[in-house]
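There are two complexes below, and they share subunit A, which is joined by subunit B in the first and by subunit C in the second.
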Partner chain A sequence: MNLKKEFRLKHIVLSLLSSALMLSILGLLSHVKTNLHKTVGDIVLSLNMQTATANAVTSVVTFFRGIDTVGEVTVLFLATTGIALMLSSTQRTYKKVVHQESFILDIGSKMLLNVIVLFGVYVIVHGHLSPGGGFQGGVVIATAFLLLFLANPNMKLKHSILTLGESLSGAAYVLIAIISLFKINILLGNFLPHPVSQIGELVSGGIIPIIYIIVGIKVGSEMSVIVEYFVKEDYLKEVPHA
Partner chain B sequence: MIGITILFTFLAILSVAFYAILSKDITQSVILFMGVGLGSVVLFFIFQAPDVALTEAVIGTGLSTAVFLLGIRHTSIDKEMES
Partner chain C sequence: MSLGYYFLLPVIFSFLTPYFRKLGTSALRGSSVFLTFILFVQTLEYTGVSLPQISQFSVAPPIGIAFVLDNFSLLFLLIFTFSGFMVSLYMLWYFKANDNTNETRFYVFFNMLLAGSIGMILSCDIFNVYIFFEITGISSYALAAYNKDKLGLEAGIKYLIIGSIASIFIVFAIMLIYLQIGTVNIGLIAQRYSEIDPKIAVLIALMLFIGFGTKAELFPMNFWAPDIYQGSSSHVNGLFSAIVAKSYLFVFFHLFYLFGLNTKYTLLIMSLGAITFLVSEFTALNQKDIKRLFAYSTLGQLGILFMALASNSSDTISGALFHLASHSISKLLIFLVLGILISKFKSTKITIVGDFKSLFLSIVLIIGFLSILGIPPFSGFIGKILILKGFALSHNYIAIAFILLVSIVEAVYFFRLIALMLDKKRTKTSVPVGFVNYIVLSVLAILIVLFGVYPSLLTHYTDLATNALLQPHSYLQFALGVGL
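Our next item is the complex of A and B:
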């Protein structure tokens, strides 16, 4: 291993200094813990009953900071567009990879795909009850497709369905924002009934689960396309041009 | 007890991060970077942020490592074709 040759006194001093920094942060945390006055978190938690979601983080992400989420989704869309533009400039003629797959790998990856997609859907749908939500669940679904691509390189995604889902969900998000602006004069406000007595149930919280399902579809399709571009580009280079 | 766990996780993250910077092999570097993400998952969970922990586990250690490894494989094949 050539790791030991590089390890000099300078690095030891640097690591000690950064450890001291971390220790000072820990001291700061204990100071905060003893002086609990009125932080932003307390104010948000006291206002959480308005949105009637069991997960307070969800109400922050989709209600109190809803316009930020719209911006995040736009940033992700732009990143996907950039990757597609950059990687699709080469010639897109995939040659069939001659790849002796084992039966166990093929069947096992397809079985695991169902389980992982089911977990992703669970994380998306229960975003307002338990940790997780649209972003996390969408990426979980994309990792399922990554597994499928690694096991079977000749796999192809149906881009028409992905494009349709991605654009329709993006349009629906903006449409919900505009409808709530006209209905209750709040951008991304909760215009569906959301009684506090239903807190903790699967169908509760008004438009918040709907927004998370929309975000999940959008993120899942975008991330799947990114993964497909990376894997396919790899195999494209591996096959020599005849 | 929980303070000792936090302290050891911090130190583990720091040492893994330094090895990731110092190692010559870029694949080793990416795998060690995944270790940094795993340590942060433990820290986020201890500091009662399970949402962020789930995001870090899925994106930081799952998808980004795969994309990095695919990119490394892609660029190293290019180098072989040139030589």
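Our next item is the complex of A and C:
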């Protein structure tokens, strides 16, 4: 009944107008050039050898556009803080879930936890050699905690440790940028030795792997916090009155 | 000090807030005052240095990213860091007098709001501008919803949806620019913008217009703003009005002039600004809620700024920048006073909030009102008269008549408010002000009077800023990494 009331002429006109706009934009898009050469992407690819990093994407993310990554890490931090602001409250109480201990589930999830975390660490540490890196590896680590939550809803994460990882890794990233300013007079420059002959080795690329490890710690701890808040929402006792 | 600190210092302070909180609430509050004070003092130092200045990250532009400070961005930087410093002082009182359960998180968002806005005006890489756009956006969504009551949550979710739609348009524009020119450096884009296929150029301009116009509260896209202002705390409104809206306005007009869009779209933006002014001032007449009233008043003043900044003539733009600075200070003053009143009365109805008894608050509030209205000897008068003078010099008499006529509407509701405040028949309640607020509000009020009496203090900077905006040659050179 409400549907009928809200269906008015202005909605028809608006939807017609917006579809006309979309169609005209689609028409314009046929004029877009797609075969561009000598873009800044091509230049960066040709310069990639200087960073001694086997993975060009990593050198773009952590070096050529390093300050963008500081920004991205900050965006993630703000998102986590925003979720914590919205979902944490003294008024909220959670149901105690009757957890049926299953031996296989318990042991199985704990065994898998180590494997998943190890894989996440591998992805992070090899970020400058193979596809992957801090962001991806951090999310992999967070899935390990998601597994624990699925196996045991009453589990609690140690927030002091997560806050430590979150804060100190973020601060370390900024400190690296500032140390670089004092060492080579450029913010976020590659001030550690990075000889091209070492390309492809685990220790190569100067600060690039260090930055990705820091990003990995930060993303891992933040995604875990987000996972915990969202899992807990399922066991909310009653919605507090605003 | 390298320009990069303007972003990196707030970031590191934000990351470490949980530990400041562990040292005690005064360490937390003090850290924010300290941070904004350093940034403000540093900006004052830049007023004596030859500009533009550049500081690069990792690789030199146009391949890498750099922060460039020219006279145009310096004016905004002064406004932002000063407003940030004032609000952080005010918050020393606010969290003592009000609920402070989520104080730590508030400071995270406050620091990053400042850092994002400053980054937006300094960065010379359009994708980097987008990142700062997101940082400012997410902080302001969270700050809008901070009170977690019904209105606050409505404001937060509404802002989140509108802001996300706006940022989709901007990403789309950046993608198109990269496909056409193969770079995201603002200097290179400005050089080659005329080479783009004219049809695509129109599309890019449209996308940027929708994206930044929505956030800068321009007419067809500003329907959301009053709800956001109504739902969030009063000093957050001050931040939105003095810093956030102004930073989007900066990017809007910076790109407008750098990409040479001023030759085609001046009339469009001017008329949209005029409609914004007209509609907002008439809507403000009927408001019962004090925050909504000043939200509409802010929209109206932004309308004047859009009209004057798009006008292409240096006198008008210089006046507009003066008006912009004056509006930031006056609106900040008004919103901070409102915050004190609302925290006492726990209501936002005009008839309830107006019944306060405090000589100091009445005086500073009336100074703020008269400044916004444009009555001498306050700074708003100089701003408006300079804009009108600029329009007169470029023989745009319609604009003059329009601004003067609509200002009468503005006068109606401001004088109605003043009459309510001074009405002796109503029962008045005395309101405690708080020591730090005496300082903050007096500084703001003194500045309003000072700029009104000695406008040359500010016109010096606005003239330099206008030159930097209209003749961006040296900015573009620096954006390409020449100054390194």
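Here is the rule we use: the second predicted complex is superposed on the first by the 189 of 242 C-alpha atoms of A that agree within 3 Å, B and C clash if a C-alpha of one lies under 4 Å from a C-alpha of the other, contacts with A are read in each partner's own complex, and residues count from 1 in each chain.
Rule of thumb we're sticking to: a residue touches a chain if its C-beta (ideal position, glycine included) is under 8 Å from a C-beta of that chain, and two chains touch if they have at least 3 such contacts.
Since the model is a prediction, treat every value here as computed from it, not as a measurement.
S.K.: Who does A:Ile43 touch here: subunit B (first), subunit C (second), both, or neither?
M.R.: It touches subunit C, and subunit B stays clear.
S.K.: So, A:Ala171: does it touch subunit B (first), subunit C (second), both, or neither?
M.R.: second
S.K.: Return first, second, both or neither, reflecting whether A:Phe64 touches subunit B, subunit C, both chains, or no partner chain.
M.R.: second
S.K.: Which partner reaches more residues of subunit A, subunit B or subunit C?
M.R.: C
S.K.: Scan A:Ser18 for contacts with subunit B and subunit C and give back first, second, both or neither.
M.R.: Once the two structures are laid over each other on A, A:Ser18 reaches subunit B alone.
S.K.: Starting from the residues of subunit A touching subunit B, keep only those that also touch subunit C in the other complex, and list them.
M.R.: The overlap between the subunit B and subunit C interfaces on subunit A is empty, containing no residue.
S.K.: With touch defined as at the start, can you tell me which subunit C residues reach subunit A in the complex?
M.R.: For subunit C paired with subunit A, touching residues are 2, 4, 7-8, 11-12, 14-16, 18-19, 55-59, 62-65, 101-102, 105, 108-109, 112, 115, 119, 127-128, 131-132, 134-135, 138-139, 141-142, 145-146, 148-150, 153, 156, 176, 178-185, 197, 199-200, 202-203.
S.K.: Using the touch definition from the top, list the residues of subunit A that touch subunit C in their complex.
M.R.: Residues in contact with subunit C: 25, 28-29, 31-34, 36-44, 47, 63-68, 70-72, 74-75, 77-79, 81-82, 84-86, 89-90, 163, 166-167, 170-171, 174-175, 177-178, 181, 186-190, 242.
S.K.: Give the list of subunit B residues in touch with subunit A in this complex.
M.R.: These residues of subunit B touch subunit A: 3, 6-7, 10-11, 14-15, 18-19, 22-24, 50-51, 53-55, 58-59, 62-63, 66-67, 70-71, 73-74, 77-78, 81.
S.K.: Mind pulling up the subunit A residues that touch subunit B in the complex?
M.R.: Interface residues on the subunit A side: 2-3, 6-7, 11, 14-15, 18-19, 22-23, 26, 55, 57, 123, 131-133, 135-136, 139-140, 142-143, 146, 223, 226-227, 230-231, 233-234, 237-238.
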